[in-house]
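Both of the next two complexes hold subunit A, though its partner changes from subunit B to subunit C.
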Partner chain A sequence: MTKEEANGATEEEQQAQSKKALKKQQKEAEKAAKKAEKQAKLAAEQQSADEDDFAKDRYGVSAMVQSQQKPDRALVRVEDLTPQKVDQLIWLRARVHTSRAKGKQCFLVLRQQQFNVQALVAVGDRASKQMVKFAANITKESIVDVEAMVRKVEQKIESCSQQDVELHIERIFVISQAEPRLPLQLEDAVRPDGDGEEEGRATVNQDTRLDNRVIDLRLPKTTTSQAIFRLQSGVCQLFRDTLTKKGFVEIQTPKIISAASEGGANVFTVSYFKSSAYLAQSPQLYKQMCICADFDKVFCVGPVFRAEDSNTHRHLTEFVGLDIEMAFNYHYHEVIDSITDTMVQIFKGLRDNFQTEIQTVSKQFPSEPFKFLEPTLRLEYTEALAMLREAGVEMGDEDDLSTPNEKLLGRLVKEKYDTDFYVLDKYPLAVRPFYTMPDPNNPKYSNSYDMFMRGEEILSGAQRVHDPQLLTERALHHQIDLEKIKSYIDSFRYGAPPHGGGGIGLERVCMLYLGLHNVRQTSMFPRDPKRLTP
Partner chain B sequence: MTKEEANGATEEEQQAQSKKALKKQQKEAEKAAKKAEKQAKLAAEQQSADEDDFAKDRYGVSAMVQSQQKPDRALVRVEDLTPQKVDQLIWLRARVHTSRAKGKQCFLVLRQQQFNVQALVAVGDRASKQMVKFAANITKESIVDVEAMVRKVEQKIESCSQQDVELHIERIFVISQAEPRLPLQLEDAVRPDGDGEEEGRATVNQDTRLDNRVIDLRLPKTTTSQAIFRLQSGVCQLFRDTLTKKGFVEIQTPKIISAASEGGANVFTVSYFKSSAYLAQSPQLYKQMCICADFDKVFCVGPVFRAEDSNTHRHLTEFVGLDIEMAFNYHYHEVIDSITDTMVQIFKGLRDNFQTEIQTVSKQFPSEPFKFLEPTLRLEYTEALAMLREAGVEMGDEDDLSTPNEKLLGRLVKEKYDTDFYVLDKYPLAVRPFYTMPDPNNPKYSNSYDMFMRGEEILSGAQRVHDPQLLTERALHHQIDLEKIKSYIDSFRYGAPPHGGGGIGLERVCMLYLGLHNVRQTSMFPRDPKRLTP
Partner chain C sequence: NMALRELASLEKYLGLKKPNKYSTQGDKKVPVLQNNNAPPLVGLVTIACHLVKEAKRPELLGDGAEGRAVVQQWLEYRVTKLDSHTEDTKSILKDLNLYMQDKVYLAGNQLTLADVLMYYGIHSVILDLAVQEKEQYVNVARWFDHIQHHPGVRHHLPPVVVLRNRLYTSRHH
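Let's look at the complex of A and B:
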């Protein structure tokens, strides 16, 4: 089961392979063989062109690292190349970011993630003419091992992260060769990102990036992707750590489910042996079952799936849900308080521990620093309606908020309260799902809430109906087939504590915290109705 | 997108509802109405049967908690009911575990998760005859709020977790009523678990448990489920914390993929808008892409899917993978060392912080404490073969290990080295997937490894081929269609560091650490070819 590997094609499949496919494979094999021959020839040329080369053992293409040996050689990190290392001979593994021959010298910039350093091969007693030529011909993005003397520089090297030193290379070996032509051109990647359909700009650029995500993620000067995903990793960690401290238990919920519990719309179908199943639109049923099983407070982090044909800047068909559910004593505001405090802990953790990442992103995508209040602002729906109406919006008491009105409200709230994060409480009952607890004081409203960052929704939640009889009534009111939600309703028949919760979209939180404008920037390998690769 | 809620059935679906379904719903509604009427009648009877009842405001069925108010009332936890609380009047919310009338008294056991306490309603100046009768009739598993005086007991109450005190109830209100008949009978749940097909015992009992998971998870005396899943939550946390400290970055990888990258067998198909897609069998391609994108060291925790029709004690169709991938310098043993150290940190963390859970489980399922060495034992495949042959097993040099031989080897290793955890290194190349790096010193073997706990495999991993040319050759050797794995091979064309990793099955780690015998015990809502619910 944990075998992460399958032994290639099955026998049946092999037999089914058409002649055409076999021919294609032969052609590929011939091509590969030809290429190998050519490369061997080149290597031979490079390494033995001049048998008289005194430095010939000091450079070349290494044999593939196949774990042949365990040399006792420490590799220094680029970020550790500081003046303290001056006049030391060190080994380093890095990518060739650029290389440029200049007379008897070759200047290289060597890179590791966001750190880079200038390096130099110069004809002299450690390097031959041939060695300089070899260095100049190494393709960009290749990985090299170099032995070099760390030298202090007189003038700061402004173009590199390591500004006080440079490397005088004494040995250089290619560990992994990059193809000469990169599929993603630097000049394309430098251009400011086309933010998508809303701004009306071209999205070609972003698609090219996503098609070549491996290289896009790697280039430090042109994208901020490394920083974005390190921050995303931080959001998950802060979310979990905060909740664990509050006594929540992490649970794992199944993604393949037998019935579409929430009515059947927008759900992906899976073929499951001789029958069929669905992909879970949220872990909600399972979170609630855990509450009924006395876990008291639970959270989970995992993929959720929405078969919505929405091609917007903020919709994905698969995203990561940060989900919370908890029993409360008397009032669902206990739940709101737990969630908002968790969000505040995340915001503080990012602010305090991820400044480098935030700064890196804001260089390419400038935005105002994210503002939040303590305690979190909580507005009631009717208050929000009043603010919108004052701003000229015409809306009925029980109408849902449109996306533009949500954004407008975000601006009005920011002006009035100076916060980018707030809770909108007491939504009209009519616009919420059947399992939402009605407001005991006003049957038109409900004990439900959304949370917003920079005017966009990042969480939706509510007190749930924990009484099977009221749940049945509400389902009938929504004309939902009781047969399909039988097991859901049955969960509450053997004593169920009052409870509530919510689901947060990880990619949206990262996007809005950083002030980005497209959720594809905060999803490493985004999935939407038009994208399933890489 | 983060909307965890869908507004019931679509219009189309509503229109499509047959008359039959509508009739059914009407019937259900009538039934519900009848039941409501009956309940109302009962409540009325209970509460107003005797208008002369002096205690009539001290008990009853509460109005549903609908967040009507925010009373300033602290609820005490059962686990905090110690002699320090003696003679205090407290409020408590708990389940009725048992209730038993005895003359003018009613004895209750009140429960919160694994904690319980004895409570008493006795006719006197705080409770009437009617109130005692009411308490005696509360159905098991109902949730109640009680106000009670904490009293010291002279003799320890052996049957409860809180042995030094009991509660003298002054008020009792039902917050959520359980149906009188539980679907899972206590006597069934007490019986030792049928461990499944391997022992040849009936599995009916386990299926009943799983069908009624909410109640199964809740019962503390009869199952150890709460302890198992708290420990599972601990494994995830220890895994992530250890790797984060080592400089690994957490990544999120997509589960819906466009092509079955590992040959196409055992993969679930998803209908994706007008086309189709697959569920990822492992995050491997994405982990490797992140290494090629210079993330250096990554991990992820998430569901993986296997469409294998295996009905054994250790196979699931959906399980949680703890995945690791990292670049290394010279030798893949750097990867093995990172993984084994991570496992050792998990074992130590469980041993040091989860003793209560371990003891709870071992009461119902006795097993030897889990043993491990530091550093972890690493055996080569040829050594293992020699041990097995000495024990009478006939096996060829390049044969894979059968499950019984794995278990036998586990016993031999335990005898010789006194460890339940070890690494088996250098598997025959022939039994590993195409992307496994061949051993540079012996072409029959490979730089790959499995890890075992109590003789069962929990991880499979290897140095991966990072050279696109060798990868092409190996794929052709395995007769894999190059067209289908083009994007995979292309990932390595722009400079790829040597790297390796592995995937761990969370449920298996928990099962084997605790010495359990069925993976369904460590999956909260297990999925196998025959089970998709709840």
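Let's look at the complex of A and C:
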């Protein structure tokens, strides 16, 4: 190529380039013009929309409630929406359970715990179509403030708890918005476990529920979780009330302790400044010290920590212990009678005052109603052995009951005596803790007892050794370091009354009373070897 | 050797005065009975049938052509399915439970060799079942209890407890 040709080529190129550049510029200008036009159009539309939206002050997402104001406004409870309130204009705050647009209307179900009510936003003189659209798009579980007219309905609304009225919404504001994707769908979580598999619909597995406890505990339609924990609250209350009436005093015991109370294997260690301490496995030692301090009868309600690596349906690493200890006059059966009477009062209290909760739970988790006898059935260990042997079980006289044998025994007792609750008395001494009082007539047995509900153990108790000499002997026999329990033994040196007691697990009692099958269902935020959250 | 003990028990049940001397052959220790001048009898079922004939108790092999065929079927089942462990125990129990729904004995209306040998063969399985499982296979348990109580049958085997009353009535347990 010659220089001229090269130059010429460059010139051509340059010309071509400037042509290209021009074209490009033109195109870009056109594009920009189009965009501006579109924006102007949108703005115009928006303005006209705003102008058309006569209801724009009656709905929207509220600013976060940061305690900016104190409006003089009473909020009505959903459960109080009865025919008495018809034709009243009321405010209420509830969760959006569902919202569904249908043409010029939006149907919502608003929910507060186990109560829900149908609500309606309809295009009319109070609501615009933008408002209806807004209502239909509110995400499930969002909390809303609603001003509405209470209206009577001709036909009962079967699917809601408030069946005789519905709300005609005039104002609706979102107070707290829920994210659109919920970790679990409430309809699925409420479905009884068996049904889902058959009809191909999802059920929510336990781990998902426990990981998202905040939503799982809301379970609206059947409010199973709410019912379970209301019943649990009832158990605590009945426990306290019954014992208080019997003259017991509630005490608080320390949970950070210097020595493992039930044996070294299953105890959690915590660092304590420059040394270590343990989390209490039971309030045993402190209950007894209170008896020696002449409190006569005590009980305590508090956490119990067991570092047992058991992944079963009935073990938690942390649970709530309901513990009893009392001085008695001549025979530890006075203690058994007191405990069984307390349990019976709890069962009666639940049966008489918590039927709604019991029925709610059994809709999702069907079971036989809990049966008990008055007076409570008490069997001796040797009798239980005979029953088991008759059923083909081979067991030594001093063997402890394995869990399968306990369950089989529960079945045999149910079949023979028709009760889900009974006491097993006089356990072999060899399988009980060192502080258990031996039987006076037979050194192989002890003054100790377990109590069972639906064939599973709920309480372990005994007459305690209150004599420091015998206590020392028993501790040595169990190869326990006396130094570690010196202060415990010392508490019996200055006159100690004969006494006994026992402790139950709140979660296990609730689980068994309701006939549920996993203790995690009755523990609000359960702890086990694999779970530390939420 | 379990097979030899079974044959000894069978002899006692049949009331045979003179117990036979058995030998075994092969790894599986199959029982063998010398048969005077005839060729030796080999195998539990073959020998058992021979003993029944020797004791002049032909009814134990079944009543009529069909009855005899059913007895033979169960004797074969004992050796090919039960002893050989080719089938999973649960499915054997399930099949047997269904079969025994409307029958008192395995074949016909009286005790036959089929009941006796099936009882000997299935004993260890039933011994290990939990109370709940025995309730689940209620017909097998009923038949088993009936046979083990039949005079003269049990001999070398320990009794297995079969409860009369149902403990696991509802589906919640």
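Keep in mind that, in the parts below, the second predicted complex is superposed on the first by the 462 of 534 C-alpha atoms of A that agree within 3 Å, B and C clash if a C-alpha of one lies under 4 Å from a C-alpha of the other, contacts with A are read in each partner's own complex, and residues count from 1 in each chain.
To be clear about the criterion, contacts are C-beta pairs under 8 Å (C-beta built on N, C-alpha and C of every residue); 3 or more make two chains touch, one makes a residue touch a chain.
Only a predicted model underlies this, so the values are computations on that prediction, with no experimental measurement involved.
By the touch criterion defined above, A:Ser67 lies against subunit B but remains apart from subunit C after alignment on the C-alpha atoms of chain A. Of the two partner chains placed around the shared chain by superposition, subunit B is the only one that A:Glu179 touches, whereas subunit C remains out of contact. Of the two partner chains placed around the shared chain by superposition, subunit C is the only one that A:Glu390 touches, whereas subunit B remains out of contact. In the superposition on chain A, A:Cys292 makes contact with subunit B only, while subunit C stays out of contact range.
Of the two partner chains, subunit B is the only one that A:Ile257 touches; subunit C does not reach it.
Look at A:Leu412: by the touch rule set out above, it reaches subunit C but stays clear of subunit B.
Of all residues in subunit A, those touching subunit C in their complex are 366-368, 390-392, 404, 408, 411-412, 414-415, 515. Residue ranges on subunit C touching subunit A, taken from their complex, read 130-131, 160-161, 163, 165-168, 170, 172.
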